[in-house]
Every structure is written in structure tokens, then in C-alpha cells.
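Same chain, two partners: subunit A is paired with subunit B first, then with subunit C.
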Partner chain A sequence: MNWSNVLGAGALVPLFTAALRLAVPIVLAAAGACLAERSGLMNLGIEGQMMVGAIIAFVTVYYTGQPMLGAVTGAAAGLVIAAIVGYLTITMAVDQIITGISVVILGTGLASFLYLQVFGMTGTPPRIQGTTPLDLPVLSDLPVLGPIVFSQSPLVYLALALVVALWWVLTRTAFGLSIRAAGESPEAADSVGVSVPRTRWSTLLISGAAAGMAGALVIDSLGFFQDGITGGRGWIALGVVILARWNPLGAIAGGFMFGLVDAFQLRVQAASGGQATSVPYELFQAMPYAVTLLAVIATTVWFSRSNSPKALGIPFVPAK
Partner chain B sequence: MTATLSPPVTTPPEPPTASRIRSLTTTIGVPLLAVAVGLAAGGILIVLAGGNPGQAYATMLDAALGGDTQLGRLLTGMTPLVLMGLGYAIAYRTGFITIGAQGHYDVGAITATAVVLSMPLGTSWIAIPIVAVTAAAAGACIGGISGVLKARLGVNEIISSLMLNYLVFYTLAWAVRKPLANPNGFTPESERIPDWAALATIPGTRIHIGVFVAIAAVPLVWWLMRSTRFGFASQIVGESPSVAEANGISVARTVVTSALISGALGGIAGAIMLLGSEFRLSLAISSGIGFTAIVVALLGRRNPFGIVLAAALVSGLTLGSQAVQRTQEIPASIGTVVQAVMILTVLLANRIVERAR
Partner chain C sequence: MKKLGTAVAAAAVVGAAVTGCSSSDSGGSGSADGVVKAAIITSGPVNDVGWNQGMVEGAEKLEAEGLIDLTVVQQDSGATSEQIAQIVTDLAEDGNQLIVGHSFNYGEPIKGIIADYPDVLFAYPGGFGDITANLADYSQPFYQGSFLTGILAGDLTETGILAGTAGFEIPVCKAQIEAFADGARLTYKGPGEIQLRPSYIGGWSDAAAQTLEAVNALVDQGADQFSTCGVDAATIEGAKQRGVGVAGYTMDQTPLAPENVVSSVVWNLDEVLRAMIADVEAGNVDPAKYYEVDITEGGLDVVINPAFVDKISPEAMALFEEYREKIMAGEFEVEYKGGD
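Moving on, here comes the complex of A and B:
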């Protein structure tokens, strides 16, 4: 195969454009999870919320032809699934990890059920027309940066704007202060009148909606749905939260790295035409997961764990 | 991240018999309630799918328990779930929340295939012990990676074990396409294993020796948890790593040991499934069974004997929902939803009982 099709000068801009598109679902889900974890809550059900968001968005877009509406219904679906997590972990103070894993199983099963229920077992899988790239005036004419950042799908702009908004909420608002207090020292937060359960409910629902919309973004760029469509992106997003040091803006960088690896492996597969290369293509397919693992190890070692929110994963039961 | 998350509950002392009766009610009542709620949720989905719940559940029951063939399928289906459920329970006790069972299982199946296909000639008496040891070692390696990363570097084991699952899966995808590929196959798959390598069965049934391995593992794990130094250490480590260290128990060693054991059990489960039921390595072997094993461990309250009952229930549900999809065109994924609803019910009911005390 010809490596200049992947890494040559002419191929780099399309590579980075694809990288950003592939990164955005993970970035959005990770940014939402950052808020939840900063408030002390592990939302391990992200993969399930993403999966249900993906199927609901797919059905919406299939019947209405409106990708933007799909993003909204996908977010709503993710929020509903997150509410199950919230009732168990916040209201009832059940173990967050096991609840999250169960919700992933629930979401996977529900999504598969809904798909077969709506479309049946057809020979040709149904497809949707995703969003088309929107060139932002002036900005898209910039060299290099223009085509990479400013000729993306409107959903990509929306998602990135939401990520910045989440960062702003977390770091610059009174609500953000309550979030951080609930995650660092819930007792102290409670004593100064911050409702820890209400704060955690808010961040969890935000995280669920972000994950659901991330699912909508996945099917928007692929154009079809199948079982396991999210391919572990929800779990990767949780890894990105660690890389991002629980900062939504950091999630952009961490998620972009994943997107770059993913775009690279897709391009290698395309350039080799599915033909035998000296290196098996499964090695490239596995790269995003290997990179996530190595990056999480490196971040954990580099920063030590002391940076994680202190009350992360610990239920808070307000004194009566 | 700690595993024991419930805050300390202080209860006034009460007569021992009363508390024992109450805990017995919880032990039996909560799972029964969970089954009822799960089946009710499944019933709603069946109605939504245009089916008749009574008829669908009758089909399911028949597919799970309807005769000798069905019982054989149930027992062979339970086998990997029991082994991996035990592995999950052992790891969970030390506070090591692995979700790597899928990877352990896949690597066990790959190893078993590679070993038997590379033996020029053989008998099961030579092959089976070699497969058992290598598959267990392969599973333990994968489990051990997460264990060492957690124990030595503090790397989150949920993320690491999940990423390893994907890495093993792509190794499997490569193995069935290249080194182990069947040259005459249409889809990526290995050659069928030679007849001598298939696990011996009880004549006239599908029940193979792997079933007895799982049966033997149950009391063994129970003994490991109750009566050994490791079992005691893992309980202390799971409850409070600092107390463990203060009492001279190495947290790192206990966590790594439990990770190795759970990995080995998963590797053996994959090898048994391959040599006893599948006979050929393909991508289909990696079908989410690792998550199902977590369901089994949680429904069985992480008790070895509870895990057997839960495995029977879940395996029957899986076989039943596949039968319902074949005969009544109701998506088999209702089985997955019912499982999830059952665990969520268990979690909730346990919590309500705890609070009422």
C-alpha cells in the first residue's frame, strides 16, 4: 500500500478533518461525564445512554429526515436512562459502579430491541441521510484550519459549543462551584446550604443528555444502526475523563487524540483496500483502544490519583 | 475508587434468631422479587412486540427445561457463566471490579484452538490437560495485567479491563482470518477441531466433562473464600485496604492474586466452550457473554451457590429468548433487558431492606 495516501502532505488535512468528526461524540460524552464526576458521581452507564441515544436518534432521523431533531431526541433518551442511574445512586445511594454496568446492559438490550421492533430483520439495513458539512463564512477559507475545523457538520459545531459551555458552567458559575464542592467535600457543601443530591442529579442528567447526543452524532456520521454501534466509545469517554484531568476543555484534547488514531486506522484500511498488508489491519483497528489504555496508564502514573474528585463514587446521604 | 460504598449503618442489637430469619427472607425474597419484576418487564416488551406473554414464556420454559436435549443445552450454557461468575465474585471481594471476563473467555478460546490445531496427533488425555493449563494461563495473563496496573500504579481497572477486552477481540479477529483460518471457510473462522480434542460427553447427551469442572469449581471457590488465608485477606482488603495493610496483609498481592484467579477461570470457561460446544473458533464466540457473567454474579449475590442458581436462570432466559425469536419473531434482546431489570431490582430491593433495618 501507499503510505502517502495516509500521511502524505495532501492527505493530512482530510485526516485531521475526519479525526475531529470522529472525536466529537467522545468529547461530548466525556465533557458531560467530567461534570458528573466533579460532583462526586460516577456515571458508568454512559455506553448504555449512548446506545439508546443512537437508536432513538436513528428512528427520529429515519422518519423525519431531521438530523437536528435526532440530536434532541437522542439527548432526551440519554437523559431518561441517566434518570434510572440517578434514582438508584443518588436517591437510594446504591453502588454507582454496579448500577452503571447494569445500565449499560439495559441500554444495549433496549437499543437492540427497539431496532428490531421498528425495522424488523431486513435484508438491506435501513440508512439515513446524515448532516452535510456547513462551511462557516470567512473562517472556512482559512488555510489548513478552515477545512479541518470550520467545514464540519452543524452537529459538530453544536457539540463543541456545548462542551465549551459545560466548561464555563463548571469553572465560572456559582452552580459550578456547588458541583466542585459536592465532589470534593459533600459534608462541607451540605453545611453551607448546597443540596448535594440536587447538584448531583443536575450533573448526572447533563451527562446522560450529552451521552445520548453523542450517540446521535455516531449514527449521524455512519448513517446506519447496528448492535454494538457505539463500539465502546462510552467507555473510552470515561478514559478520556481521566486524561482530561476532569476538565471539559481537556476532554477536547483527549478525545481528539482518540479521533486521530481512529481516523488514521480507517484511512490505513481504506488505503490498503482491504488487501493483505505486511501488518494485519486488526492491529490498526485495535489502536484506539490500545492508545486509550496507554494514555490512562500514563496519566495515572504522571499525576498520581490525588487529582480525582475526593468524594468520587461515594454516595452522600444528607443528615436528617 | 472503593468498592464498599454504603455508609456504616448502626443498628441496635436484636435477638439472633429474628435477624437470621430476616436475612433469610432477604436472601430468598429479593431474588424472587427481582425475577418477578424482570419477567413483568419482559412481558411488557413482549406485548409491545405484538406477542402473547403467556405463550412466549411457555416457549421459553420449554426451551430451557422441556426435555433431555434442552436440559443438556442449559447445563452446557451455564458452565462458562458459573466459572466466570465465580471469577467476578472472587475479584469483587478484594474490591477489584473487573469487567474483563469477555477478554479472558476469548483468549481462552483462542488458546484452546491454537493448541489443539497445532498438535500433530493426539489424544484427549494429553491434549485436555495442556489446553486447561495454557488457557488458564492466557486468561490469567490478561486478568493479571489489569490487576498489576491497579495494584502497582492505581490504574482504574474498569477502563483497563474493558480496553483489554477490545484488544483481545481484535486478536481473535486476526487469528480467525490469518493464522488459524479455515482455508475453505466463507466467513472468518478456524478449522473444526479434530474429534479427539472434543470434550468427552455422557453418552447420548450433550453434557460434557466441562460441566463437571464447573460443578467442582463451586465448592472449591466457596472453600477458597471461607477457609483460606487468601479468602480472609481478600475480604479485609475489599472492606478496608488500610486495615489490611496495618495487619500485615499485602493489598497489592491480594488484588493481583484475585485478578489472576478470575482471569484463569475465564480462560478455562472459553476453552471449555470451544472444545465442548462450539468446536470451531469464530467471531461469534465473543458475543457479550462476559457481561452476562457479571449479571450472574450479581444476581447470585456473589455467593458460589447463588451463582449456580443465577446461571441456570440466566442461561434458561438466553435459550428461551432465542427460541422466542425463532418461533414468534420477538427480538431475543428482551432476554438482555430482563436480566438488566432483574439486577437493578436486586440493587434497589437490597438497599430498601438495608434502610428498613
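Moving on, here comes the complex of A and C:
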């Protein structure tokens, strides 16, 4: 096999660009989930929120031709689906795991149903034109950095900016303090006047909107919609939350690592000539998951413990 | 195709969208008017211009001919074995005489049901002659058509690097991709020899983003003609984005990328279903058959995108026509390299 096809100077730019494209939806969904989990709420329904966000964004862009508007409606759709999770888990104190999984099934089926209802059977399946990658004067032409950092879709920058904003909210604002208090010790937070249900509602809706927009990002680069289009990224995002130590900035690193290994394995497989190689292709496919799992173990050992929010997954019923 | 609107919303809630579900004459054992009651369960949207739509259109053709009374149930790739088993049971209870589960994954759940309905012919696309009592298998001899699409690809490729994308390294896909390269070897003039780069994604429609990146990786490494097996939507989109050629899969996929789809292998599923219906009418359901309706029996064809007719050299076009006739007449057999 010719390794320069994967790791040569000319191959690294497309490798990192592909990694970023694969990573950004995961990073955004994971960053939103970080906030929800820090407030003590597990939003396991992310995959369903992404699917509904993806189909609503797709329909929006198809009829308006505005990818940015699609990102907004996608986020709104994710938020609406998250509200179902909120009503069940916060208002009704239903088990968060069961609710989350139900919402994934609901979202997946709903997206499939909406797609068929809107577009029906046609000879020419619907396609959309996603956002055009930026072409900044000077910056986009920089060697190496230009194509990777300065030539992405505007949605990618928006998503990354939102992730940084979420980190800022969580770590630098009074609301962020309430979030962390609600997740670590909801009774104590309640006793000093923090409304735990309201805090959890806020973070959940933020998480749903982030997941919905992540779905919009997926269809933006693909240009089409089909069943299962988000391909389990919602579940991967939940893994990235642990890897990120419940920190939105960590989600950038964790998500990018997953995207990089995924992009790398696809390129190694292609360069090695598929079945002509002595290494089974299943090994390549398992790489992103294996590396993510190892990274979770490594970070947990490195920090000597799991520092998950103490009240994570436990419904909070305020004292009367 | 009949519709049962009320089922749709409920089905969406359990993760399945039902596009149509015959209920008007539930119960009993088939229609009294000599028309075979047949049901299709898809494994994805019925408007995918590919695997599922091809099956539905084939069945609708027979319905238009008055041969069958058709019910189509749309499922997605996330349907569980339990869901499939329940749907198949419901369809059998509803009096369907032919029930086709159009996914490799549906074989196992159907096997658990067939004994309860010995007069019903069940079928799934195992592709390796996997027959159990009244459960039939039907082949997917795409490699025969893929060889012909390869003849065109070999003429058009400038780098000599051909790529194949598939969900998994299953025999049907492997044989198709290998035959694509074999066809190309007939027309490629160099430099060097044809190099084949298969890429197995590890998922089907649920791995669209990975498929797109696999296409990017392959194009970056020089591939300029693609064959695709089961991951066609994302592969064709990738080909469109990168400006390379691709052969369509199971239907004429020219509309998906009119400037990139060179030709398409078209699977004529009406011919496959026609053979099954004949057996249902004759009462030959157990033991079921392995329906191998190949290119010599009209099960497959290859169509060329009219936009490419002028771009293909006359020599390659002549060779394409020559091999097409020979293969269809059974005078030339495309080598099957899918393994056992």
C-alpha cells in the first residue's frame, strides 16, 4: 500500500477537511448534550431530534433555497421534539432512558413519514443545494490551513461558534452556575432559589435545538435526505459527551478525533485496495469506535474518576 | 396500490411508515376473482429511485396488467426482526398469497412464520439459493450488467483507477464491482492497467456521510469511474460533487446526476415477480424456488445516459452492443467473482 495516498503532504489537507465535515454535526449535538447532562438531565433522544431536524431543514431548503433558514428551522424542529422529552422527564418525572429511546424511534419514524408525505414517489428525487464553502481573500488561499480552516461551509463556523458560546454560558455565567448546581446537587440548588425544573427545561431545549441543527448540517453536506441519514451520530455524540468530560470545548476535541479516525479509515481502506489488502476491512470500520472507547477509558483513568454530574439521570421533584 | 390512511400516523409512531395497506377484503385466502393478492415490504422509502422504488414499480406494472392485487408496506433500515415478523404475519392473515420482503435482513424473521401459512409463497433476496419450505430466494445478478457498464467506464476513465462502493463485502456486491473492472479491461487503453479500489462502508443508507467521504477519498486517490452497490444515493451525490462518472444501480438513475451517471444497471423486478405469481397460481409454493431471473431472461438490462452517447468512443460503444447481445443470448458468460 502506498501510505503517501493517506499521510503524504498532499493527502493531509483532504483528510483533515473530511474529518471536520464528519465531526461538526457530532460536536454540535454533543455540546448541547453537555449542557443538558450538566443540569442532571440525560437527553438520549438526540438521534431522533437530529432526524426531525434533518427532514425539516431539508424541506425548508428545498422550497426556499436558503440553507441558513434550513439550519434555523432544523433547530426549531429539534427543540420541539426535545419539548416532548422535557414534558415526560421533567414535568412527569418519567424514566429518562426509556423516554429518550422512545423519542429516537418517534423521530426516526416521523422523519420518514414526513419525507414520503411531502415528496411522494417521483421520477426525480428531491435534491438541495447546500451552503457554498467560503472563499475568503488571502485566507482561503493559505497553504494547508486555507483549505482546512478557511474554506468550510458558513454553517460549520456557525456551529463551532455556537459550541464556544455554550461553553461560555456553562462556565462563565450565573445561568451556567445554576446548570451545574442542578446537576450536582438539585436539592441544594432548590434550597437557594434555583428552579431546577426551569433550568433543566432550558438546557434540554438548547440541547434539542443543537441536535436539530446538527441534523441540518448533515443534509447540508449531502444534499439529499433518506431514512437513517444521521447514521447514529446522535448516539456517538452521547459518547463524545463522556469523552469531553461534560465540557463543550472538550466536545470539539472528542468529536474531531472521531471524525479524523473515521476519515482516516475510509482513506486507508481506499488506498489499500479494499479486499486486496491482507487486513480485513471490518478492522478499518471498527477503528473510530475502538479509538473513541480507548479515549474514554484513557481520560477516565487520567482524571482518576468519572466526573459525571452527580444527579445525572435522576428525576427531580421539587418539595411542596 | 391501496391505502389505509389511519394506519399511517400510528405506524410512524412505531418507527415505520406505511404507504399503503390493503384492508378492504381482509381475511380469507386471496381474491376470488383469480387475481393474486400480493404484498411487498420495502427496506426504505418507495421513492428512492433505486432498490425499493424498482421493486414497487415492478409490482405496480403487474397490478396494472391485472395480475395482482397489491399491498405495499414501507419499512426503513431500522425495522427490527420483531416488527418485520409482525408485519408479515398481518399480511398473511390478510389473505395475501405472495409476500415479498425486499431486504436481505428480512429472511430470518420470515423463516419463523412460514410454517403457519403453508399455502402462502414468501420470498426474500438472499441471493445464494437460501430456500426453506415455502420461503423462496431471488437472485441479484447485477454483475452481468455491471460488466457492460464497465466496458463504458474503461473507455471513459483517464486514470485507469476504478472504484466500487458497497455497504458490506457481500457476494452480490463483490461480484458486481469485480465485473465492473473486468468490463473496463476490455476498453482501457492505458497508461498502465486498470486498478480497482473497492470501499466497504459498513452500513447502507445509514452510512451516507461515510459513503460521501469514501467517494471523496477515492477521487483524491485518482478514481474517476464508480460502481456502487446498495450505497448508491450517497455515491452518486459524491460523484456529482466531484465531477466523476458512476454507474447507476437497480434503476435508471440518470435523473440523480444527469452529468455523471454514465449508464445504469436496471433490475426488471416485474419479471421476477411474474415468475413467482405463476407458481402461486399453479400452487407450486412448497418447496419454493430460487428465482434466478438473469439477464438472459430479461431480469436485467443496462441503459446508457443519452448525454454520454457522444462521449463514448464508437469502438467502445460497438463492443458494448456486441457483448450485450452475446450476454443476453447466453453466448458469453460474465465471470462471477463474488466467492461462495
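General observations
Convention: the second predicted complex is superposed on the first by the 265 of 320 C-alpha atoms of A that agree within 3 Å, B and C clash if a C-alpha of one lies under 4 Å from a C-alpha of the other, contacts with A are read in each partner's own complex, and residues count from 1 in each chain.
The working rule: a residue touches a chain if its C-beta (ideal position, glycine included) is under 8 Å from a C-beta of that chain, and two chains touch if they have at least 3 such contacts.
Everything quoted here is computed from the prediction, not taken from an experiment.
Contacts of A:Asp262 after superposition on the shared chain: subunit C is touched, whereas subunit B is not. When the two structures are aligned on the shared chain, A:Trp235 is found in touch with subunit B, with no touch to subunit C. Contacts of A:Phe119 after superposition on the shared chain: subunit C is touched, whereas subunit B is not. Once the two complexes are overlaid on the shared chain, A:Ala270 sits against subunit C while remaining clear of subunit B. Once the two complexes are laid over each other on the shared chain, residue contacts for A:Leu22 go to subunit C alone; subunit B is not touched.
With both structures placed on the common chain, the touch criterion links A:Phe224 to subunit C but leaves subunit B unconnected. In the superposition on chain A, A:Gly109 makes contact with both subunit B and subunit C. In the superposed pair of complexes, A:Ala11 makes contact with subunit C only, with no contact to subunit B. When the two structures are aligned on the shared chain, A:Gln285 is found in touch with subunit B and with subunit C.
Shared contact residues of subunit A, touching subunit B in one structure and subunit C in the other: 105-106, 108-110, 112-113, 116, 232, 282, 285. Residue ranges of subunit A in contact with subunit C, taken from their complex: 5, 11, 14, 18, 21-22, 105-106, 108-110, 112-113, 115-116, 119-125, 127, 218, 221-224, 226-229, 231-233, 262-263, 266-267, 269-271, 273-276, 281-282, 285.
Only residues 1-3, 5-7, 45, 48-49, 97, 99, 149, 153-156, 158-160, 162-164, 166-167, 170-171, 173-174, 177-178, 288, 291, 294-295, 298, 331, 333-337, 339-341, 343-344, 347-348, 350-352 of subunit B touch subunit A when the two sit together in their complex.
Of all residues in subunit C, those touching subunit A in their complex are 8-9, 11-17, 19, 44-49, 53, 56, 74, 76-78, 163-164, 169, 174, 195-203, 205-210, 212-214, 216-218, 220-221, 223, 233-234, 237, 241, 255-256. If you check the complex, the residues on subunit A that touch subunit B are 42, 44, 84, 88, 92-99, 101-106, 108-110, 112-113, 116-117, 232, 235-236, 238-239, 242, 280, 282-283, 285-286, 289-290, 292-293, 296-297, 300-301, 304-305, 312-315, 317.
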